[in-house]
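The first chain written gets the first letter, and so on, giving A, B, C and D; residue counts start at 1 in each chain.
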Amino acid sequence: MLMNPEKSVLLIIDVQTGLAPAIHDGEQVVDNCIWLAGVASRLGVPTVVTEHFPEKIGYTVPRLKEVTTSALFLGKQCFSAQADGCFKGSAVEDRRQVIMCGTEAHVCVQQTALELRWAGKEVFVVAEAAGSRDPANRDLAYARMRSHGIEIVSREMVAFEWLRRGGTAQFREINRDFIR
Amino acid sequence: MLMNPEKSVLLIIDVQTGLAPAIHDGEQVVDNCIWLAGVASRLGVPTVVTEHFPEKIGYTVPRLKEVTTSALFLGKQCFSAQADGCFKGSAVEDRRQVIMCGTEAHVCVQQTALELRWAGKEVFVVAEAAGSRDPANRDLAYARMRSHGIEIVSREMVAFEWLRRGGTAQFREINRDFIR
Amino acid sequence: MLMNPEKSVLLIIDVQTGLAPAIHDGEQVVDNCIWLAGVASRLGVPTVVTEHFPEKIGYTVPRLKEVTTSALFLGKQCFSAQADGCFKGSAVEDRRQVIMCGTEAHVCVQQTALELRWAGKEVFVVAEAAGSRDPANRDLAYARMRSHGIEIVSREMVAFEWLRRGGTAQFREINRDFIR
Amino acid sequence: MLMNPEKSVLLIIDVQTGLAPAIHDGEQVVDNCIWLAGVASRLGVPTVVTEHFPEKIGYTVPRLKEVTTSALFLGKQCFSAQADGCFKGSAVEDRRQVIMCGTEAHVCVQQTALELRWAGKEVFVVAEAAGSRDPANRDLAYARMRSHGIEIVSREMVAFEWLRRGGTAQFREINRDFIR
């Protein structure tokens, strides 16, 4: 089914100070995570943020942290947050559609996405909001995830599917603040 | 099955004055929609045209409107025309194969295509006759639609499958006026 | 299964004097058809050649005709040779694996390939031995055929699967005359 | 499932002195095979190396041989090592996940990968650790293998899935010696 705000959770993976600067097009990846967090917040979609060993790799980058104040933050030690067990009781467990972004596309994003998919979730990875140090790794991850039924989408696909229709006050607000 | 004129409907999505100029390669996308409408008309394939909030975004671009005088025009407010319910009683409901073009590839074209596919239609999107403002969005949409069994075709594939054979008066006419 | 010479037929589609010069990289496409016909002949794989309305579009190009003297030549009027019915009683009917090449990739090759696939054949299209006037059409055809379970292969994949093993007299001969 | 060191075997195909110099980006392909062999060795993953007619094509290139002293070496005459029957009693037979690399991607790697897949194995081919003389052949092989459910992965995907988690002594060692 199309992405639906009442069935969706936004899951931001490991956008941390010790990793983000090494990511290919990293600034843009962070910008796009912020964009998604902003749209999710306006539309009442819950956001979950993971941090991999933050005491070593650093915490979520400040400008993303600023816009995710109401998100649930989860620490993890497994690359796959699903394997880590940290989602128990969170919106990721409750909701059927998991919209994912973050880093690295071919490690923690992909391992989590695959295991969520195998656990029965509809998984969507936002292409321009995920990244790896080497873009060849990211591209291989997108192709591999596609072959497992994970959808590789764009940030606008997310917004327009969540909005579903034009002409509403909500559409005008999102259109003005995010899309134009 | 191959595209068959007796089972097909041509569905042109939202080629409107307020949107077309912003589309990447927009002139060419409109040209290709006109080309498809011309071939459909010669072969007796019904055409349906949607307009998204035309009072805001403008009506179908004039040069396309000129060649679709016998088409059914449908206004809509949902991005997915299928979700909007506007197809009820139209050729899109009656026919098994829906050949799609228009804009934006990753919003209204894709949402409509996916929901028609999930409703059991055979859906074909004509690659060079659909577009988005940002071509990266169009390309992600084509890959995503493919993963749901939607066929991404070219305008010539449509014409040659509808024609099915050479040597007929019909073939010579289409070949002379459209293909050469 | 891998391509097997005892189960294979080589099917060359419409490499005709009136069409070949218009094909993108046409010389190379013809060269590769000749290469495949040569390997097929050495390994005892039957070859079938179609000609679409040869009285209008011209007969098979002479240098390909020279190396297919023992092939079965079939005229046709439908773009899909399978729809035309011309394969009845031929090796295409008898054999399970159809190795295809020729032109145009997105018209007669693709329509025939899809209908053979839907009739239960294992279909392999040799990428560098098929072509269209516009390479964008060829690329869309390859992606579409893949989504229907048709394998897009290279000429060397055909030869090495037919040969199956090294160290034989047959391998040395093919290696010397075709691969090196 | 994700790649798991207890279920995995590393299978290196035909990286031989008479073939490696002709491979596109051949030095890099060998480097990546060495990298994989190193990680496999540290994590206790068994390694199997095939050599195709080594008396003709030469033995495994020395710098790879140096780091695979505890591997099982198998000679073969069929391009597909699976068809050759040489895996009988080896870790390839015992283990469920086969991580493959080597040359040529479109001949011995692909034929072996397809037949292992059809025999029920989970097969992973490491993109940057396999190669062909002509990269177009490699790319066609990757697309074809994908369509049969073979996963095309990167060397880092292998390492991070085998490691599964950060924070361990094992992770620190692999990270220091291979990833950084």
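The criterion applied here is as follows: a residue touches a chain if its C-beta (ideal position, glycine included) is under 8 Å from a C-beta of that chain, and two chains touch if they have at least 3 such contacts.
Labels paired with UniProt names: A, B, C, D = Hydrolase.
Model, not experiment: these values are computed from the prediction.
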Per the touch definition, the chains contacting both chain A and chain B are none
Indicate whether more than half of the residue numbers at the chain C-chain D interface occur in both copies; give same if so and different if not. different
Once you find the CA centre of chain A and the CA centre of chain D, what distance in Å lies between them? 32
Where the centres are mean C-alpha positions, what is the separation of chain A from chain C, in Å? 46
Residues of chain A engaged with two or more neighbouring chains: none
Touching chain C in the complex: which residues of chain B? 1-2, 127-128, 146, 149, 151-154, 156-157, 160-161, 163-167
Within the complex, which stretch of chain D touches chain C? 52-53, 56, 77-80, 83-84, 106-107, 110-111, 114-115, 118, 136-137, 140-141, 143-144, 147
